[in-house]
Amino acid sequence: MARSVTTQRKTLNTVIAWGIGLLIFFPILWTILTSFKTEAQAIADPPVWFFFDWTLENYRVVQERSNYSRFLWNSVIIAGGSTLLGMMVAIPAAWSMAFVPSTQTKNILLWMLSTKMLPAVGVLYPIYLIFIQLGLLDSRIGLTLVLMLINLPIMVWMLYTYFKEIPGEILEAARMDGAGLRQEILYVLTPMAIPGIASTMLLNIILAWNEAFWTLNLTAARAAPLTAFIASYSSPEGLFYAKLSAASTMAIAPILIIGWFSQKQLVRGLTFGAVK
Amino acid sequence: MATKASRSAARLMLAPAVILLLGWMLVPLTMTLIFSFQRYLPMRGGFLDWVGFENYVRFVTSSAFWPAVQATLIIVGGVLLITVILGILLAVLLDQPMWGQGIVRILVIAPFFVMPTVSGLVWKNMFMDPNNGLLSHLWRFFGADPIIWLSDASMASIILIVSWQWLPFATLILLTAIQSLDSEQIEAAEMDGASALSRFWHIVLPHLARAITIVILIQTIFLLAIFAEIFVTTQGSFGTRTLTYLIYQRVLESQNVGLGSAGGIYAVILANIFALFLMRIVGKNLDR
Amino acid sequence: MSLRKSLYAATAMGLISAVGASADTLTIATVNNGDMIRMQSLSSEFTEATGIALEWVILEENILRQRVTQDIATSGGQFDVMTIGMYETPIWAARDWLVSLDGLPDDYDIDDILPAMRAGLSHEGSLYAAPFYGESSMVMYRTDLMEAAGLEMPEAPTWDDIAEAAAAMTDRDNNINGICIRGRAGWGENMAFITTVANSFGARWFDEDWNAQLDSPEWLEAVTFYNDLLQNYGPAGAANNGFNENLTLFQQGRCGMWIDATVAASFVTNPNDSTVADHVGFALAPNKDGMDKRANWLWAWALAIPAGTQQEAAAMEFINWATSKEYLELVAEREGWANVPPGSRTSLYENPDYAEVPFAAMTLQSINAADPNNPTVDPVPYVGIQYVAIPEWAGIGTSAGQEFSAMVAGQLTPEQALQRAQALVTDEMEAAGY
């Protein structure tokens, strides 16, 4: 960094930024802490912070009641599957719009995005009826398809803005070297587009993982992901904050960990063309 | 520059996405449109008769309609305002030199990974509950009467919860944009004796315009459809019944598919007005 | 290929996969209430005995209702056994959506089911859902606080008694509220309670021509009374409190009284969860001075088989197990008599072991005091006490409930809330074609 700053200034920045960061993170931290308390400690006033008898009891209860690993596995398959499937459709589409633009490109792009605004509740009945006809209810395939479709516009958009930043001269140079369309995509574009592709995939996994309307309404037991898992802990009888916290932690932990480890990739590509 | 061959190849590559989305949009939408002209009550045997525009008139004249549109706009507007303003401030802050920047970024980004149902439940129970919630403990600690968040400040509560989820997204995009700012430009302004505030106002903010539009566009798309946060907290009580929620009540609680479908069509129209409006702006920005 | 043909092809493919996945496995949808969770944990015994595997879909009440209603209305066929209530059963049975339970074996002893429960879960003389547990409502109160206030709770109190007791027990400085009752919007939440109050004040939802009656003076009196109770003696945030929130408050010792489901009795007297377990008394739901109707409701969570399931025989077998006398004994053996799912069978209340449970007698008395076929003072065209057994009720009840919830939050006066509720009920009934 070219700008020079005093240590005081840096310290001040650090203190403020950490304060705000912790404040934003606090609800998650509190949920994780509460998941290790007893129900009575969970509602104690004044609240107990770190010094309590840490217990795994809530996790044991939750695991006993629900088959966590199956919900988790369904979430993984559905989020991962819809992302992969979506990329297979979105990459060619974004590529063609970015490198062979026509007068319609912008309109198509904006139209795609507008399909995302369809209110899900408004089309629940039709989708449900179609799913019955096709035997797709409570199937991972059906859910994967739906999640792929609802996130496809975002994927295409993100990839498009990414691809567009790849300078056209490189392509022409490749073409002059006699590269065909396939090679062009495979050896020239793809490597340059990897950060964009990676971050599109990550964002999509997050969105699919957290989708809570279709995943709840189109599944029963076999294909139910973690959003359905949490729906059985939302208000049981009696005190439940600690159990709710444990279930919540279990539901968000995998994606939180993936997100944190890959945040560099996510951030690098998460521009939607915001940067020019 | 494109050859004829590559142009048709391009069309071929675009086709799957367009066809899929067209199908995804048209098939259910057509069915919804058909339902909307019917008296369709699953609990009374499904399709009963054709009623023309009756459902449309009924939906729009019901006392719940305009408050629902209003609630939708307030929530979307409120969240956008909060996330954009705080997002800019946070992005500027995170751009400053500091220790542990990576960790702070991890902390800030975290709420984005939390599923809406979980964040709704956690906020409602563990923070906003007037008897056992953490905020009520805090208020009592200072000798104040706890706020009854979900009923007395219902809108603010929903906006708070949703903003918490979307602030990371706004911050990240804005941060990326700020980091792409030419630091020489800032230094030049600094040497000209421009104050920090005027540097922010005249250089940083204009540079962010495009990023801000993108944040608004993407978030609006998601915010128009928010459901889970309301479903697990107020269930549409206390003036938080958005258009989406109203349709949900018509379709699933009243089991009046015709009426709900008419509502769905209204929501599509509203969304498209929004879209058109936003895309005008974004479209312009895209060309720049 | 025509669209029809391709649909058939796809359907066939779907069927193959569906059948492959569900052989000898029952998918059971149920509520996340304590008794059901206990059923789930005990169900391994059923699987061991019969070889029938079970898939549990346990959801929070609102989500469960939405899921099963959606599924049954579209013949989705996702569930083999559904947990439904007294409200849904007759409506769904009338549409031929449920399998009649006449096929239950003789040793199931269908005549042992409490008459009120059986009546509420039957359609044209056949049982369509087997009660897993049943409930009425009653007053649960703190004996120690009543004593300290120098009052005694009559076994059959009037609303005036309740108001007096609530005023005497309220102690804001010590965080004790005189009364906790439901304020959270929902047809199965605040409207269940408010409707029973209205019944006891002589009000009714509809006259015999299905005209909404919320503009009547009886409604205003009932709703005003309810509102005053909560405003003066209720807990903070009462507008968001449903059954669970009030249960938690009562267990923490923050309520002098709680008028709610009889099943709650076993939770508030369970020393593991309740700080006031030793100081709870029970009384009948109140009436208004000079009027006969008490504010009792009647409800059962029951197990039903959706028509069209491939697993009818296995589903029947499961229901036979889960709602049998043997199941009650199994729970008693493992968890003690106090934790047995109550309110379903006569034999349970004739069992001397169960008679020692402190709330057994009052529960039975409350259930017997409720009459869903005759819920109000003036005649009505509907059955159901705390609900109106028509398909539109869920929508009506919840929207009206939101107005009353806003009233409890202080955003509307009783007059305004009733006016709005009347308007939207009229509206919805019109939309449904009454």
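Note that the chains are named A, B and C in the order they appear, and that numbering of residues resets to 1 at the start of each chain.
Quick note on the criterion: a contact is a pair of C-beta atoms (placed from the backbone, for glycine too) under 8 Å apart; a residue touches a chain by one contact, two chains touch by 3 or more.
Note that the structure is predicted; figures quoted are calculated from it, not measured.
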Chain of greatest Cα-centre distance to chain A: C
Most extensive contact between chains (C-beta pair count): A-B
Chain centre separation (chain A, chain B; CA means) in Å: 15
Whole-Å gap separating chain A and chain C, where each centre is the average of the chain's CA atoms: 38
Sequence positions of chain A contacting 2 or more other chains: 43, 124-125, 129, 231, 234, 240
For chain C, residues that touch 2 or more chains besides their own: 66, 70, 74, 248
Contacts with two or more other chains, residues of chain B listed in rising order: 132, 252
Touch list for chain C against partner chain A, complex: 7, 10-11, 13-15, 17-18, 21, 27, 29, 32-34, 37, 40-41, 55-61, 63, 66-67, 70-71, 74-79, 242-244, 247-248, 251-252, 267, 273
Interface residues, chain A side, partner chain B - complex: 1-3, 5, 9-10, 13-14, 16-18, 20-22, 24-25, 27-28, 30-31, 34, 42-43, 45-47, 89-90, 92-93, 95-97, 99-100, 102, 106, 108, 110, 112-127, 129-130, 149-150, 152-154, 156, 168, 172, 181, 206, 209-210, 212-213, 226-227, 230-231, 234, 240-241, 244-245, 248, 251-252, 255-256, 259-260, 263, 266-267, 270-276
Parts of chain B lying in touch with chain C, wherever the complex brings them together: 39, 41-45, 48, 58, 62-64, 129-132, 145-146, 148, 150-152, 231, 234-239, 241, 249-250, 252-256, 259
Chain B - residues contacting chain A, complex: 1-2, 5-7, 9-11, 13-14, 16-18, 20-21, 24-25, 27-29, 31-32, 35, 90, 93-94, 96-101, 103-119, 121-123, 125-127, 132, 134, 137, 140-141, 164, 167-168, 172-177, 180, 183-184, 186-187, 210-211, 214-215, 217-218, 221, 224-225, 227-228, 232, 243-244, 247-248, 251-252, 257, 260-261, 263-265, 267-268, 271-272, 274-275, 279, 282-283, 286-288
Contact set on chain C toward chain B in their complex: 62, 66, 69-70, 73-74, 91, 95, 184-186, 235-237, 239-240, 245, 248-249, 254, 391-392, 394-396, 398-399, 401-402, 405-406, 408-411, 420, 423-424, 427-428, 431-433
